[in-house]
Amino acid sequence: MFSLCVRDHFMIAHSFEGTVFGPAQNLHGATYVVDVEFRRRELDADGLVVDIGLASTALHGVLAALNYRNLDEVEEFSGRNTTTEFLARAIFERLEQCIGRGELGDAARALESMRVALHESHVAWAAYEGPIGDPRSSAER
Amino acid sequence: MFSLCVRDHFMIAHSFEGTVFGPAQNLHGATYVVDVEFRRRELDADGLVVDIGLASTALHGVLAALNYRNLDEVEEFSGRNTTTEFLARAIFERLEQCIGRGELGDAARALESMRVALHESHVAWAAYEGPIGDPRSSAER
Amino acid sequence: MFSLCVRDHFMIAHSFEGTVFGPAQNLHGATYVVDVEFRRRELDADGLVVDIGLASTALHGVLAALNYRNLDEVEEFSGRNTTTEFLARAIFERLEQCIGRGELGDAARALESMRVALHESHVAWAAYEGPIGDPRSSAER
Amino acid sequence: MFSLCVRDHFMIAHSFEGTVFGPAQNLHGATYVVDVEFRRRELDADGLVVDIGLASTALHGVLAALNYRNLDEVEEFSGRNTTTEFLARAIFERLEQCIGRGELGDAARALESMRVALHESHVAWAAYEGPIGDPRSSAER
Amino acid sequence: MFSLCVRDHFMIAHSFEGTVFGPAQNLHGATYVVDVEFRRRELDADGLVVDIGLASTALHGVLAALNYRNLDEVEEFSGRNTTTEFLARAIFERLEQCIGRGELGDAARALESMRVALHESHVAWAAYEGPIGDPRSSAER
Amino acid sequence: MFSLCVRDHFMIAHSFEGTVFGPAQNLHGATYVVDVEFRRRELDADGLVVDIGLASTALHGVLAALNYRNLDEVEEFSGRNTTTEFLARAIFERLEQCIGRGELGDAARALESMRVALHESHVAWAAYEGPIGDPRSSAER
């Protein structure tokens, strides 16, 4: 199995609901350094997992839609705790849609799985990984 | 699959038996920077893999029992080489017991697997990963 | 010259005023990973720059007062842009006061200078460094 | 499952063929920081995944054969784009041969899989992982 | 003293002349991860060392002029060994010119010094630091 | 001012005397990841701060003399606490002697200063820096 990984980041404000969160129930924020790993069994005709330029641009676009925002006011996340693990899946799904729309190139349709990791500090990170195009991706998840 | 990872460290002395270890047969020591990754298929009701506060406290407790010690004098490890990979599993098993005792919260009982990685320098690390609560964990392993 | 450095972090929300800040004029947030370097010419009688336990506790206390907060609502920062470089000095001054109150131990009074660096992402950081106890510290700065 | 990972690096020149590569069609170069993770289900009699000294020496030897070279002139790679992902597999296969020749010791024959990751910058890496001794390794791959 | 640092990278081929370089006399290459630290005594009216957006854009432009090239063919470097330390100063001087031309904003004219560090691997880096606008910069250096 | 930095590591056991050290009074150990920065005003005729091969070999030799040892039994350190900051200076002095003996090459005699940093974990490091060949180095220090 081959992997290619690109890194970028975004900076947001948010708050959590639930006593389990303690002081993180207050409005606070985070820098998330994001690693996205794309995986496939065989390389494409150019010897690539995915065009790294297109992959970086797609990731940057997905993060730009969240960057410099208060996630408490993002309608799509209404009623949800935007925990690091939750955001990892939200970014996974948005990238899956980019691939589906062909934004990572035709060869990217052969990608099999992805892993999205969000580093929230030097001592904690969370990730979501799964197959790309899994029917669960648009429905139950 | 979702993951959450926390980092901590401990500092110990030890020596190894066996000519394969060369100069590491001498009493020496190491700082181990420890990453513990907790994994589960679905998030809990709060949107979490595990309560990061409880997870960090449990890890800190497990490492505190080893920190600032000469592992050659720890009875539980008697007759064993406390290699980095061996210690990764020892910490895995102790954390598995914490989960079993409910120290990471009730929701943590849905954790499926764990990976414990010990970084011994900027050029070497070792890890142990496996399912949580596997019957092999208390017996054959 | 000897140095000792300890690392910790805090997570905040804030916004900036001024068109130079572009989208960062929105309420957003950051994780700051903080490195504090303490410096002195000679070691103390124990062979130390400073008691690392006391230094870590003092830093943690200073950061706890800011952690999980919206800095736009912190009265002390009213009317100021809480940029990374500004916060580096704010933390410098609070640590200087800890040293003055003896919270880092008596030996810490021989510390000569400090450097506070805040890493806001994998591609940007800011720092403030200066002598400790400089008369400018409470006045002009 | 146990893992042991060692790190080393090499520095090469190369160019790519194909418009997808844009300016990377020019002769340029890279430092690759290489992480090789060795995996097996049970530790050997010494409590090891693999002798770290032999593993480091084998990796250093494999990288030395590529280090300080223009990969465009390496006959084995003729007609191929030496992308980061392609090189990850090339190094995997060379290490697999080292294991087969007994250069990592007899106990290393129990290794089950390997993962070779090449970090090409602070924002990108690629990897190849697979079973060791898989019949595909010498044929179709 | 305040600092602000931004990071970017470039990837080049080159070779060295002189037996001291051993195998690095061959055409090879490197990824350089570049940290540029800007320094000044007081913050500007916005609470900044320098506009981080302009600083990042200027650095990216300076590196783009070198990225994906064979430095042996860059006329400006003709007859010089493009060692890591030499390149650190070359980038310093180009950024100094950007500041002089106002590309980092008017407030950047108050910058006092800069430090340019090039990381060539996980075990080696080189840097050049000095005052900005020092008369030596355009002449003797 | 130009700098060149090389990194290596060593692993030791030791204990400390003095109640300030708390549990670190026990025999324990550490991995120290060591960064040595060499500094000079002008590059040598080859465009170098120092021959990186000779510098790495000298550092490796200095660390090899301490690696895999119990520092409590090293006669030279008898009666001293081998704190991280103390060890940074000890390594500084040994490297200074290497330079004096010509082990880093003739050009290395133009080195002006050095900084030795020891990383003991992901959250703490200590350093010693100073001029090379300062008369204080063999006497009062």
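A, B, C, D, E and F are the chain letters, set down in written order, and residue numbers restart from 1 in every chain.
Methods note: a residue touches a chain if its C-beta (ideal position, glycine included) is under 8 Å from a C-beta of that chain, and two chains touch if they have at least 3 such contacts.
On a predicted model such as this, the values are computed, not experimentally measured, just so you know.
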Which chain pair shares more contacting C-beta pairs: B-D, or A-C? A-C
From the C-alpha centres, identify the chain that is farthest from chain E. B
Does the chain C and chain E pair touch with the same residues on each side or with different residues, judged by whether over half of the numbers are shared? different
Geometric centre distance via CA averages, chain E-chain D, whole Å: 32
Between chain C and chain D, what's the gap in Å when you average each chain's C-alpha atoms? 42
Distance from the CA centroid of chain E to that of chain F, rounded to the nearest Å? 28
Give me the residue numbers in chain F that touch at least two other chains, ranges are fine. 7, 122-123
Residues of chain D touching chain B in the complex: 1-8, 43, 46-49, 51-53, 56, 105
Per the touch rule above, chain F residues touching chain C in the complex are 16, 18, 20-22, 80-86, 88-89, 117, 122-130
Touching chain C in the complex, chain A uses residues 7, 9, 11-14, 23-24, 26-33, 67-70, 120-123
